[in-house]
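Take a look at the structure below.
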Amino acid sequence: MEKLLENIIESNRRYTVQGELASYIPELTKANKDALGIFITTLNGEEFYAGDNEIKFTIQSISKIISLIIAIMDNGKDYVFSKVGMEPTKDSFNSIIDLELNDLNKPLNPMINAGAIATVSMIRGKDKDEVFSRILEFTKKLCGNEDLKVNESVYISEKKTGSRNRALAYFMKSTSIIEKDVEEVLDVYFKQCSIEVTSKDLSKIALVFANEGVSPWSEERIMPKEVTRIIKTIMTTCGMYDASGEFAVNIGLPSKSGVGGGILAVAPGKMGIGIVGPALDEKGNSIAGVEVLKDLSHELELSIF
Amino acid sequence: MEKLLENIIESNRRYTVQGELASYIPELTKANKDALGIFITTLNGEEFYAGDNEIKFTIQSISKIISLIIAIMDNGKDYVFSKVGMEPTKDSFNSIIDLELNDLNKPLNPMINAGAIATVSMIRGKDKDEVFSRILEFTKKLCGNEDLKVNESVYISEKKTGSRNRALAYFMKSTSIIEKDVEEVLDVYFKQCSIEVTSKDLSKIALVFANEGVSPWSEERIMPKEVTRIIKTIMTTCGMYDASGEFAVNIGLPSKSGVGGGILAVAPGKMGIGIVGPALDEKGNSIAGVEVLKDLSHELELSIF
Amino acid sequence: MEKLLENIIESNRRYTVQGELASYIPELTKANKDALGIFITTLNGEEFYAGDNEIKFTIQSISKIISLIIAIMDNGKDYVFSKVGMEPTKDSFNSIIDLELNDLNKPLNPMINAGAIATVSMIRGKDKDEVFSRILEFTKKLCGNEDLKVNESVYISEKKTGSRNRALAYFMKSTSIIEKDVEEVLDVYFKQCSIEVTSKDLSKIALVFANEGVSPWSEERIMPKEVTRIIKTIMTTCGMYDASGEFAVNIGLPSKSGVGGGILAVAPGKMGIGIVGPALDEKGNSIAGVEVLKDLSHELELSIF
Amino acid sequence: MEKLLENIIESNRRYTVQGELASYIPELTKANKDALGIFITTLNGEEFYAGDNEIKFTIQSISKIISLIIAIMDNGKDYVFSKVGMEPTKDSFNSIIDLELNDLNKPLNPMINAGAIATVSMIRGKDKDEVFSRILEFTKKLCGNEDLKVNESVYISEKKTGSRNRALAYFMKSTSIIEKDVEEVLDVYFKQCSIEVTSKDLSKIALVFANEGVSPWSEERIMPKEVTRIIKTIMTTCGMYDASGEFAVNIGLPSKSGVGGGILAVAPGKMGIGIVGPALDEKGNSIAGVEVLKDLSHELELSIF
């Protein structure tokens, strides 16, 4: 297995040169564009890794699944999906068009930025600090890693330059999708995107989904089984931005990517997979990471379809 | 099992009054709006049914998966998806907008009308009669039913009133997605939509997918395993029109619906399911049929997620 | 003439019941929905009026032509129109779609909200107070009315509830159309929309355009002739929101409306017309005011076409 | 005057290299890309010309104003504009998006292809030959030129390759904007676009508008004054495709262009102007022709604004 992972990493490393680092905030351009690594944890407790699996990166959009879990556990599925849709879209993650064209002005799903910001606005807490604290603590629990923290310079950079996200949020404020103060909601959103993780952390989170919501190490149920089912479904239909359909056909694993270069992939009943590769394709997914998952899914016949 | 099916049918029959018959062609308004039936075939050869499972209806959009199989087997996956995308869309099945906004003017996926018409145009044959004949024969083989035939009055009605489909097809002709004569392609498309089936036929087709491409009765391989995987994936992300995301979350079975009131649903490794219920919701899916599948999926824990 | 005006006002007053007061800010719903008045000043100095011409209302979108004049005089026509387009649009005044679909992310024209906010951002001044002060002083000069002032409660209401305008502005910040601080630009925009005027004030501003930029009372040139030509053209193609085309056909006068119920209309070489009628049609134009102008244009053969 | 025209033509001829010939039908690529000519007829009967004013070209979209006149005279303004809007659009002339997004599925105006095709469908005649014959006869009358005829090879080329126009027309058939047989309507449309004219012919048509509907040579009233006013208004707001707004600001003459390279421009009460210059800008307007009109409008102060 270790050998297989090494081969897959090395044979796909060439794709990194075809990608670009995320450039919308200056901090992200400091990443190592050539890096590529993988970490796998299986349900029976084995760990496998290869490549640059130890480098740290910000979780970015992968945090969207964490805030969605909390929002559902706080408010129930019905309330959450009365404010945010469940439909995939061919538009890019920061598109604002659908908010206007859509009859109800609902963001189409919780994996695009608009939907994720609306989701964050539904998480309970007496103020923004409590809301964020709940998100961070829950992420630590999912990873089994008490040391997670926010990358402050990325957070400040996101906050300073987040005009497009402000546009999305104020639009939703104008249509009453968001009820809280916009700047407070965005502050939490920028912070959760700036949590620093490794591919190992992502593989641990994925493993909880692979185990239907029960922590494989503590045997504690972290979330109801139904919630894991909802999240896995939405990752499958919407998790890889506007390349989700193609990813489902070619790879067939519930997955979520972030512009920090991470991909979290779930092989239900089998393993949790974490990938890092900061060079992105034009949709915003790790360009070499997607290829790594394609090879891995074929070799191990992991597709859920 | 029979009892379960009867209960599910009877308890969901009340939804039929909330739906509407497809009205875009006069012939379809002659269907029985109150009808609701189900037919299940399991991999070990058992058959279960309840309700109005014997009524006939036209296959309509469910035929899109059949022409997609043939187009892939004729041309290879890469060629087909160079002309038609794999991405789900929030737009309705007969939307023309995406053809113009999309960079490559590719229809977004093979389950919307534009994509299905483009798919039909790629099927080989010396003329339109041969193309259609290949589709009909393949459908018979999938169902194990030699008696399938076209409902002529529906076909004529479709052909006469299909202005929206002509608009889609001529648009694709103008962007070279369609290379053949538009009227010939449409003639095949209208005909394949007019093939008359029962819920039993749909359950047999679904069973072939549940069995990864091998006919459970003849043990003949009807299509490569990879093709069944592609089709099941695309049914999951795009099969229920612009309600596919919600359907995946709530039901979690690769499915395809048609405006004739049919739904074909695959429980991989377990069973093939055929539903009939001509009263449609506003997206074009059988309104009571979706509820039947929801109950069935919950009761038997069929979701693939 | 007075008789004609009275007849026109009284015969069109019935339209007010078919309209609605602007409701997006609470303050505007306090207006008198039944009110309808007109004030005309001719180039040879005569004044005519009828109806509720004396009531005060906020200038709202009519201020967009004033900030456009100043922005052009500050930066030159070429610079201004490198940031804001000149093309009419069928989309409503607060639409955000075009900002995303448009290749250059330029707002389509200076009469929709996005374009007006971008225009305000180009006006010179050491801080927002100086920018607004320049706008207010210029408006006073156009009206020959030193008493103009901001309606503070409307201004505060706009500022508090202006989420849609914030969305537009932050979107333009994200695409570098707006370079200044967004909240400072919006503060000026909200303030200029809240300047309180009467139909007489509007008729005086219109008269300056009718006189090609020279104040008819002081004989001072207030703006270059070319600027008046640009403004009159843009009022004709874009001044009445997404009803501009129909207004041009039916009435044919360069005009600008505001959701406060005002319409400013220019009869070049002849007269300046100010209308007040707070009941709006669904496009946001004074519903009875448009009818008044239709009758007036026909009676006096004022159309420029 | 002749000297002025010669100078303007020669100084703007350099723009022709920056443009492209219309390429959507093979026949149009046979035009002389370097050609540029102008013909002016004044209301007092003088004629001036310069450059390649004698070359023939197909009238293309300029025919849209002719069929609009006839449709209004046949059906009344109210009926025509119940089927076709009057609003300018920022979308290109062959866009199909607005037909779907628009609430009523009405084409936005009669100058885009969809609107023009709908307009043609309203012209009376017992069959398509009579409809076209009426259009051709009316065009002859407007030009005072009995020799006008269709360029058969352009007509055949248009008919053979007009898939995009078929898409527009079938879409409108599906929404009942078009009631007649689509192919018959398109045949008339393709034929009217293929009428061959010279810049002199265009200047004569323009002169009738400049004279408010009365033929300056026969003194016969060819159309009601109100119709000329409607046409001039729509030319101003929509006549130059999605560059109409900028054209109005820079030139200010009611005008209509065609992809054959012609521009017809009206200087009300003064003159009719015909331009030919087959090299087009990216909007589809004669690239050098627009520059010629800009210089001419400035030199002679022709802007109506």
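Just so it is clear, A, B, C and D label the chains in written order, and each chain counts residues from 1 on its own.
As a working rule, contacts are C-beta pairs under 8 Å (C-beta built on N, C-alpha and C of every residue); 3 or more make two chains touch, one makes a residue touch a chain.
The UniProt protein names, listed by chain, are A, B, C, D = Glutaminase.
Please read all numbers here as calculations on a predicted model, not as lab measurements.
Shared contacts of subunit C and subunit D, meaning chains that touch the two of them, come down to nothing at all.
The chain with its CA mean position farthest from that of subunit C is B.
A count of contacting C-beta pairs for A-B and for B-D identifies A-B as the more extensively joined pair.
Centre to centre, using the average C-alpha position, subunit B and subunit C are separated by 54 Å.
Centre to centre, using the average C-alpha position, subunit B and subunit D are separated by 46 Å.
Centroids built from CA atoms put subunit B at 32 Å from subunit A. Taken residue by residue, subunit A touches two or more other chains at 101, whereas all remaining positions touch fewer.
All chain pairs that count as touching, in label order, are A-B, A-C, B-D, C-D. Taken together, the subunit A residues at the contact with subunit C in this complex read 95-97, 99-101, 163-164, 166-171, 173-174, 182. In the complex of the two chains, the subunit D residues touching subunit C come out as 85-90, 98, 102, 108-109, 229-230, 232-234, 236-238, 242-246, 248-249, 252, 254, 268, 303-305.
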